[in-house]
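Next come two complexes built around chain A: one with chain B, the other with chain C.
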Partner chain A sequence: MAVEERDPHSGYLTTGHEWNGIKELNTPVPRPVYLFLALTALFAVVYWVLMPAWPVGRTYTKGLLGMDQRTSVTSELKQAALERSAWMKRIETEALPAIQADAGLMQRVRETGRTLFADNCAACHGREARGGPGFPDLTTSSWLWGGDPETIAETIRVGVNSAHKDSRVSQMPAFGRDKMLEPRQIEDVITYVRSLSSQPRSAPAAQVESGRDLFAANCAACHGDDAKGIGAGAPNLTDSFWLYGGDVESLRRTLTQGRQGHMPTWEARLTEAERKLLALYIVDLRRKEQP
Partner chain B sequence: MYVAQLTLPERRAALALACLVAGLGLTMAVLGRDDLLGTHGALVIACGVVVAIVVMRGFYAPSPSPERLSSYYDDPTRAGIVFAMIWAIVAMAVGDWVAWLLVSPDLTFDAAWSSFGRLRPVHTSGVIFGFGGNALIATSFYVVQRTSRARLPDQVSPWFVLLGFNLFCILAASGYLMGITQSKEYAEPEWYADIWLVIVWVAYFGLYLRTLARRKEPHIYVSNWYYLAFILVVAVLHIVNNLAVPVSLGHAKSYSAFAGVQDAMTEWWYGHNAVAFFLTSGFLGMMYYFMPKRAGRPIFSYRLSIISFWGITFMYMWAGSHHLHYTALPQWVQTLGMTFSLMLLVPSWASATNALLTLNGAWHKVRDDATLRFMMTAAVFYGLTTFEGSFMAIRPVNSLSHYTDWTIGHVHAGALGWVALITFGSLYSIVPSLWGKRAMYSPRLVEVHYWLAIAGTLVYVISMWNSGIVQGLMWRTYNDSGTLAYSFVDSLVAMHPYYVMRAVGGLLFLIGTVVGAYNIWRTMRTPALAEIGDFAEAPARAAPTLAAAE
Partner chain C sequence: MFGFHYRLERHALRFVIAVILVAGIGGFVEIAPLFTISETVEAAPDMRLYTPLEVAGRNIYMREGCYACHSQMIRTLRDDVERYGPYSLAVESKYDHPMLWGSKRTGPDLARIGGKYSDEWQVAHLQDPRAVVPESKMPSYAFLGRTPLKTSDLGLHLKALRKVGVPYTGEMVANAPADAYGQAAPDSPYAAGVAQRYGEATQVRAFMGRQGDPTEMDALVAYLQVLGRLTDVAKAQQAQAAE
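Up next is the complex of A and B:
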């Protein structure tokens, strides 16, 4: 049965038991263990007295400090808004040109606009705002809905083909799929349109002529007789900017299947000041790109 | 060969169980024929049929000799070790894959199964349950028999526990790839897999108690307290957190019995105690047996083991709410989670201290023997990780660390540094004798594995500390205008080099595991001691007898 023996190395007695060769020493619990148990328990008790801690029926002990995470986060947010309000108020109230003229205020716009853009816009327009197929490059001079700050702010507010009641609406019909143009006619239109932006396609002159007639009958209503767009979502086809690509393959897909871009409305997601700030940031971006 | 050890009634019972499982699979396949449940039904049928065929092939083998009853029953332990190593390689490989996926998010090849959300739980369940669970089951069978001087009460239920548990793991991992998940972290498997695990787990608990009841030692050794706490508490956690109502008996999908913040609290009560009782308690059981055994030293203090055991068992239960600091969870619950997490540090460090002081008088062995060094290092990492855990549970610290890679680093300091190292140390110390060999095939490869594992763990943890703190600071830095200085994408760009470093660290650890598996495989295949004729020198025999070790 239990026979204690003394461990020669440590000098302590064993408990007298053995399990498949394993023994245990009867070493007393080191004092620091009790000390730290007492200290951590003391800390816990003090913390419980000061902070919300234990449930009591349908309520809980509120703690002597009266701390509450909800009120503290609300007051911290209020305090932060107050610190920003010195310049944020001016963004809210002053006219856009006045803000643009104020170098100090524009510095705020650049600092804050960068993260605002990266967190909300970059997913589609890219971190450098250079866009991609279907998503406009915001650093160029080509603007579907207008590129002045007021108009940009309005586009951000209502979106494009969005759920907003005042949404900007634009639709390129599916001329091919919906049988408005024959495939051969589509080729003619492509040839003509590319000739407008100096991207000639090796094709007989007759095809350009046919394309010109088809354009006048089908496309000019939105894109204008001169194909320079009429400012409401129908792009200028004579410049070098292409939202969906100006190569033959892309144009063929555009004409066959149509296009209907989408930009969400930010009215409920961003405040008016934030939307103004973003519009200013984007205009400033363009200025930086094209000195 | 394993079937030959079963008696005729046991073979019949095993065959009946295998057919029963196949029948359950058939029921699932029929009821769920219009759902992914049907696919899992087919998988269950296949598993049942394979086991039935294996049993039938050995059905008419001669009965085992009655001499077997005077030795320990180690066949399930051997199989469990093999399963554990297979899961380790698969799940760590998937882990490193998802690490590279975070470096290059395009690595999904546009397939659904290879998306991060599906592969990540294959990694987590694979290492925790597949590798950790099999290692725990295998070593618990080994330890309970030897510390009780009693053979397992029968030869069917250990197989039911081991194979049934692996069926659960297979259902879990294959389900994730198909998109079956109940979206609870570390409890992703759906209702039918959960019910199956309850059955398996109750059998495990019963088997463990029956073995302890047969013990010839007057006292229950400390390892068995920890293993029992692991089995019992995991059952409670698993049942409560997985309470759910299936859409129908023919659908894999179910809805949790809890909603909102109650669901979050239940989940993290489960989640943190899974860390406590699966990844800590069970592996402490392992440590308390294999470390003193290997070191040839008595446990430093029996009294310290008692204080640590009850401290850990009582205090962990309260700590889960520290996963929900600054959320919709009422603040008083957060307070309790934080204060109990702080008090928890004392029994945790007491365990680590008890382990390290047990090595007093055997430090020269730690220097020379990589197997013992695995276990010593595990105890050090256990101490470091529990300190870090208590620290991160403090609310203001947590406001910086929460949602960042610091948490990932903390988990891996525990999972790689503590859980995996103590497991490898334990496996290396029993594999030779279990397969009747004098030593591991190559002690040098054990050494190589040790250094790869240490290097991998350190690279991983240090890169995640850096990444996490950088991330946390970037999220809360304001510019002069009083607005946030960095966008979320900015923080992702800053993470990139650390993600590369982490994936390299994980790869080192994985290579170490492959080296270990190779070494174990070669050890199994070297000629047995009896065959090379120096049985007398054998440190342990293939089938150790039940005789008391005087």
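Up next is the complex of A and C:
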């Protein structure tokens, strides 16, 4: 079926098809298209030789360059750790006051701490560490478990009410739900507790008095006789900091339903040096807030 | 060479055979690695199964299209590993049907989100993302907390997964609705069976902070809290590689 008829106008061959005297041209594909096709095919062949490509039974062709993403990410991480190792080692081994006194080292803490904090802590404590509903503000002087760097590092390690075996444990009982206090008694306790901090007080003295007695019988074991907390997760109720809110509505919810905050353990996710660095970063944040 | 093609395409039968041959090469290259998959994918003897509640959560994750903005695949890149943890291994998706690796990260990767944040945070964040992360653009899923979870058909879901190779036992299938209830109600008589059937590491908790009939929120949080925690093989393998 060879068709050798040439169109006299364009000079191209025709396909031999004809409709009402109009003949279909067999215009050749432009040369650059063939060129690119050939180049891509050539690229593929070179790539097969250099890079891992073809499956062969139980293995595959490894390629002349020996590229392997798992090996390269491992060595990249090693290299990064090596670059950090000089000052990271100092964070790991030196005493906390010595690190805090070293301006150069603290600059590293601020830079790396910021990234670590954003990746791991900011979801709950906020990007600026100012906390959120039920998540503590880390820039204040109010600390449930202690605010010195060692204690903070330990809290990061074990978490609060977490699955870790050494987890810090605290629970505010549900006095209302579990029928330990009558609703009227809860109102008295709320009035008394609010009278301790700098909140507007217009409550009758009798109610405050009754609240004081109930507090001594039910709350003082954890919050202390003076309601200043005894440092084991039970907060100081006489200051102006409230984790769950110090208004009547929030306090009623706290006393009725109880509270049990959770902080995950970071022992498996962060290294010891990273946890120490974060503790230093947090203490440094507070220092910046309150010069 | 082009003359050969010119001649070939003029014979219908020869051309059909040539098309089948060439397309067959592509098919073979894609299918051949599957013949040896049992030898090329890592082994994870400690791998746990998704509990019925986690399967339900996974179904909600798919229904709500979470995969459109969240990947579950930590790549072999330094940035990924430093932010999210050890890179994902194929074996970790062994029981994922379908897998939810995703390809787009409007939000962060979730492959190892399990245990990273508390249940309260997960619930607060799903109810109103901007209440805890002001810069978030995630939609609110508060309705999940108001929607009771349908548990009656979970046995059938487990059965379907068993058909594609997830080793659920007959006992697991039979107890699926009770186990879904028990996992979110630790004080109920159904809780003990969950740990017994799915392992001691199973998280039996009141995910929304209250016990009783589980909601869709309970299921989704249970699923999120187990992501990346079915096996420790990735962490162990990469710690060894770093030595």
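Note that the second predicted complex is superposed on the first by the 264 of 291 C-alpha atoms of A that agree within 3 Å, B and C clash if a C-alpha of one lies under 4 Å from a C-alpha of the other, contacts with A are read in each partner's own complex, and residues count from 1 in each chain.
Quick note on the criterion: a residue touches a chain if its C-beta (ideal position, glycine included) is under 8 Å from a C-beta of that chain, and two chains touch if they have at least 3 such contacts.
No experiment lies behind these values; they were computed from the predicted model shown.
Visitor: Once chain A of both complexes is superposed, is A:P204 in touch with chain B (first), chain C (second), both, or neither?
Guide: It touches nothing on chain B or chain C.
Visitor: Output check: A:G11 vs chain B and chain C. Expected answer is one of first, second, both, neither. What do you get?
Guide: neither
Visitor: Look at the residues of chain A and decide whether chain B or chain C touches more of them.
Guide: Answer, by number of touched residues of chain A: B.
Visitor: Regarding the shared-chain residue A:A41, is it in contact with chain B (first), chain C (second), both, or neither?
Guide: first
Visitor: Thinking of the overlay built on chain A, is A:D119 touched by chain B (first), by chain C (second), by both, or by neither?
Guide: Both: A:D119 reaches chain B and chain C.
Visitor: Between chain B (first) and chain C (second), which, if any, makes contact with A:T27: first, second, both or neither?
Guide: first
Visitor: What is the contact status of A:G57 with respect to chain B (first) and chain C (second): first, second, both, or neither?
Guide: So A:G57 only meets chain C here.
Visitor: Can A:M263 be said to touch chain B (first), chain C (second), both, or neither?
Guide: second
Visitor: Which partner does A:R108 contact after superposing on A: first (chain B), second (chain C), both, neither?
Guide: In the superposition, A:R108 contacts chain B only.
Visitor: So, does A:A80 touch the first partner chain B, the second partner chain C, both, or neither?
Guide: Touch status of A:A80: both partners.
Visitor: Which chain A residues lie in the overlap of the chain B contact set and the chain C contact set?
Guide: On chain A, the residues that contact chain B in one structure and chain C in the other are 1, 54-55, 69, 73, 80, 119, 122, 127.
Visitor: Mind listing the chain A positions that touch chain B in their complex?
Guide: Contact set of chain A toward chain B: 1-2, 7, 9-10, 14-15, 17-30, 33, 36-37, 40-41, 43-44, 47-48, 51-55, 60-61, 67-69, 73, 80, 83-84, 87, 108, 111-112, 114-119, 122, 127.
Visitor: For chain A, which residues are in contact with chain C within the complex?
Guide: 1, 54-55, 57-58, 69-70, 72-74, 76-78, 80, 119-120, 122-124, 126-127, 132-135, 163, 261-265, 268-269
Visitor: Hey, which residues of chain C end up touching chain A in the complex?
Guide: Residue positions touching the partner: 10, 29, 32-33, 36, 39-40, 76-78, 81-83, 85, 87, 115-121, 124-125, 131-135, 235, 238, 241-242.
Visitor: Where on chain B does chain A make contact in their complex?
Guide: Within the complex, chain B touches chain A at residues 146-147, 149, 217-219, 221-222, 289, 292-293, 297-305, 307, 311, 326, 330-332, 334-336, 338-340, 342-343, 345-346, 349-350, 353, 360-361, 479-490, 549.
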